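Listed below are the structures to be examined.
Two complexes follow with chain A in common, the first pairing it with chain B and the second with chain C.
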Partner chain A sequence: MTAEAEEGEFHAPTIAEFYPPAFLFEGTPFEINRIMMIRLIVMVLLIVLFWLWTNKFRKSVKTGNVVPGRFQLLGEMALNFVRKSIAHDQLGEKDGERFLPLLTTIFFMVLGMNITGIIPFANIAGTSVVGVPLVLAAAAYVTFIYAGIRKHGLKFFKNSLFPSGVPVAFYTLVTPIEFLSTFILRPVTLALRLLMNMIAGHLLLVLCFSATQYFFFNAEGFMQLFGAGTLLFGFAFTLFEILVAVLQAYVFTLLTTVYIQLALADEH
Partner chain B sequence: MISRILLAEEVKNPLLPADYDIIWSSVVFVVLLTFFWFKVLPNFKKMLDERAKAIEGRLAEAEEAQKAAEHRTASVLAEQEQLRAEASSIREEAKAEGAQILAELKAQASSDAERLVEQGKNALIAERDAAARALQGEVGALAIELASRIVGAKLQEDAVANKVVDDFIAELEGKAAK
Partner chain C sequence: MDAVNIAELSGNIAVVGYGLAAIGPGIGVGLVVSKTIESIARQPELAGRLQVTMWLGIAFTEALALIGLATPFIFA
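After this line comes the complex of A and B, so read on.
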């Protein structure tokens, strides 16, 4: 947290929170600051965790053991959550398996980077800078268009932009709206929903805790009592941020799935 | 500090990505996508398939085992029934045999007793006969002795002879009393 109470003055957190100074490759396109580092650490941790789970899976195939241990079961539950509750439910088993790699990656990448927002010493979400939401939204965008074209050819665009059952005259009105909602608003809302949730969550937490710091150490007399209140709020918002982290990962993945499902659907 | 924040605020728009931001996001995404696509998910699916297969196999196996167990239980029950019948027939036989043995023993015992009684009787008769014979012999000797005493005394006096007869009779009576 860079916004801290100093010398008896209180500074509200600003957007500069999300642009910490670079400490590696400064000035190049490969500049690394705290948030980029957090992303890379999350990536490494995800790989290590899932590598361990993968080894368990392979071992159980090799030994023919059908009873998973606790650790393996946890991995199965995590992967099956995306596989069954999201992919199979929305897309059916066949298409669900086809798009599973993307959906799994999106879910665990978003979840992992969201949760760093409340992890001590990280304290900022890897998704709270626009890059990750943007890249993931772009991936979702490309994927659902690919899915549509693969299934329907160029008729995909016709189906999307000129929905059947609408009088021809209305196309002047409907087609721009459909274009806007399908091809522009979908990726934009995907990215912005995630980004803004994470930015707002982080600013809230910083506000609560820097206010607590200010009230405890810089305020006079009974004003210090406010610190207890802001601390309590900070605690509550921390719990809330855990919920938001999971929820946003779920929503992002689910919406991507729904967009793919709509693109695959026969008639609009 | 404040000026730096303000400066940053002027420059940065959170919706516009910096080049490094996009680059590192893409790197992380591509690495994770590749990892999940080619490493985690294939192994996960393979494990699930193997498990489904194994469980199906084991279910069939279990069914077979169950059937075998049922069969075995039935045969064990039948065998048990047979054994029970056999046991009861053996018991019946034994009972009958026991009764027979008892009757035989009783018969033998009673015949033995009769035989013993018979033997005892015979022995008694033989003893009595022997005693009678002995008595007869003794009586004969006594008669001879008496006759010789009477003959001897006749030579002296009738009174003496009478006295001899009386004494002899008394002596005999004493012997008999003994």
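After this line comes the complex of A and C, so read on.
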């Protein structure tokens, strides 16, 4: 819900912000609330966007008219960003191409679901409830373990749990830490980082704008001046949230790539 | 208020906890960025690669602050 201060008293935003009432299929496992609806809309928009991009691209190749328009250029730049500066840079050409579909999906899904946090009338990020980050983190988790097993077989677990060059006695200390950091903390932090960034961002925005409303309409005298300050802060944080949305998409994709790269790396 | 409790505070202790949890990552992110700026000043041609490493470092450091943000919800 967007900023809505009740009459008189100021209400700080709570975690209940992220559990709006369901309005469709209530009581079934498929019940749809505001956040779920936003997620579905984002999915449809992404599919349409990619369909348009690839369609245009195919047409331009067929007709030989390869100079892209503005819309086409944007798509090619975004896709090339994931391809060149994330996948190829970290994984190299061959492995980069192998994992490119997953990385592209993760990047655009996270970006699309994050950006709804600052779009008027949506005003909440699709990633601000644990479902989407959890699914994406699980996908990344399964992929990097798959990549490791595919390349090294069961030696992957030996390499990651018993790193070479460590005196044997220290394995009692090193192995539990490695296990914790590689197989438990990696997916957990991947999901938590995205989720908490979006929750904190949304709460900050709600706080700023509900404070603005309170100061303008319920405060007395010169206290109303504070409203201008909170409005300015809210505006600044909105811009900051755009940065965070893009950055989190980038970081999530980059970390997935790095985990895959570490799993593929040869034991030295 | 009692006469004894002259410095009584009200509110949630979790807020103080989050404040403490934010100190370390704050310093950490500052160190990561400052070292990156230093390296870019020394070797501007490596700026691109250094920035990628910087974002990674920030992401790892920042995780601690975000876990701190999550704990009040988990142990509420």
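Keep this in mind: the second predicted complex is superposed on the first by the 265 of 268 C-alpha atoms of A that agree within 3 Å, B and C clash if a C-alpha of one lies under 4 Å from a C-alpha of the other, contacts with A are read in each partner's own complex, and residues count from 1 in each chain.
Throughout what follows, contacts are C-beta pairs under 8 Å (C-beta built on N, C-alpha and C of every residue); 3 or more make two chains touch, one makes a residue touch a chain.
These figures come from a predicted structure and were not determined experimentally.
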Q.
Looking at A:Ile15 after the superposition, I want to know if it touches chain B, chain C, both of them or none. Which is it: first, second, both, neither?
A. both
Q. Can A:Ile115 be said to touch chain B (first), chain C (second), both, or neither?
A. neither
(Q) Taking the superposition on A as described, I'd like to know which of chain B and chain C A:Leu91 touches: first, second, both or neither. (A) neither
Q.
Tell me which touches more residues of chain A here: chain C or chain B.
A. B
Q: Return first, second, both or neither, reflecting whether A:Met198 touches chain B, chain C, both chains, or no partner chain.
A: neither
Q) Of the two partner chains, chain B (first) and chain C (second), which one does A:Val135 touch, if any: first, second, both, or neither? A) first
Q) What is the contact status of A:Leu264 with respect to chain B (first) and chain C (second): first, second, both, or neither? A) neither
(Q) Taking the superposition on A as described, I'd like to know which of chain B and chain C A:Leu254 touches: first, second, both or neither. (A) second
(Q) Based on the A-chain superposition described above, do chain B and chain C contact any of the same residues on chain A, and if so which? (A) 15, 192, 195, 199
Q. Within the complex, which stretch of chain A touches chain B?
A. 6, 11, 14-16, 18-19, 22, 25, 28-32, 36, 39-40, 42-43, 46-47, 50-51, 53-54, 57-58, 60-61, 64, 66, 76, 79, 97, 100-102, 104-105, 108-109, 129-132, 134-136, 139, 192, 195, 199
**Q.** chain A to chain C touching residues, read off their complex
**A.** 15, 85, 89, 189, 192-193, 195-197, 199-200, 247, 250-251, 254-255, 258
Q: Show which residues of chain B lie in contact with chain A when the two form their complex.
A: 1-2, 4-5, 8-9, 12, 14-26, 28-29, 31-33, 35-37, 39-41, 43-47, 50-51, 54-55, 58
Q) Which chain C residues qualify as touching chain A in the complex? A) 48, 52, 55-56, 58-60, 62-63, 66-67, 69-70, 73
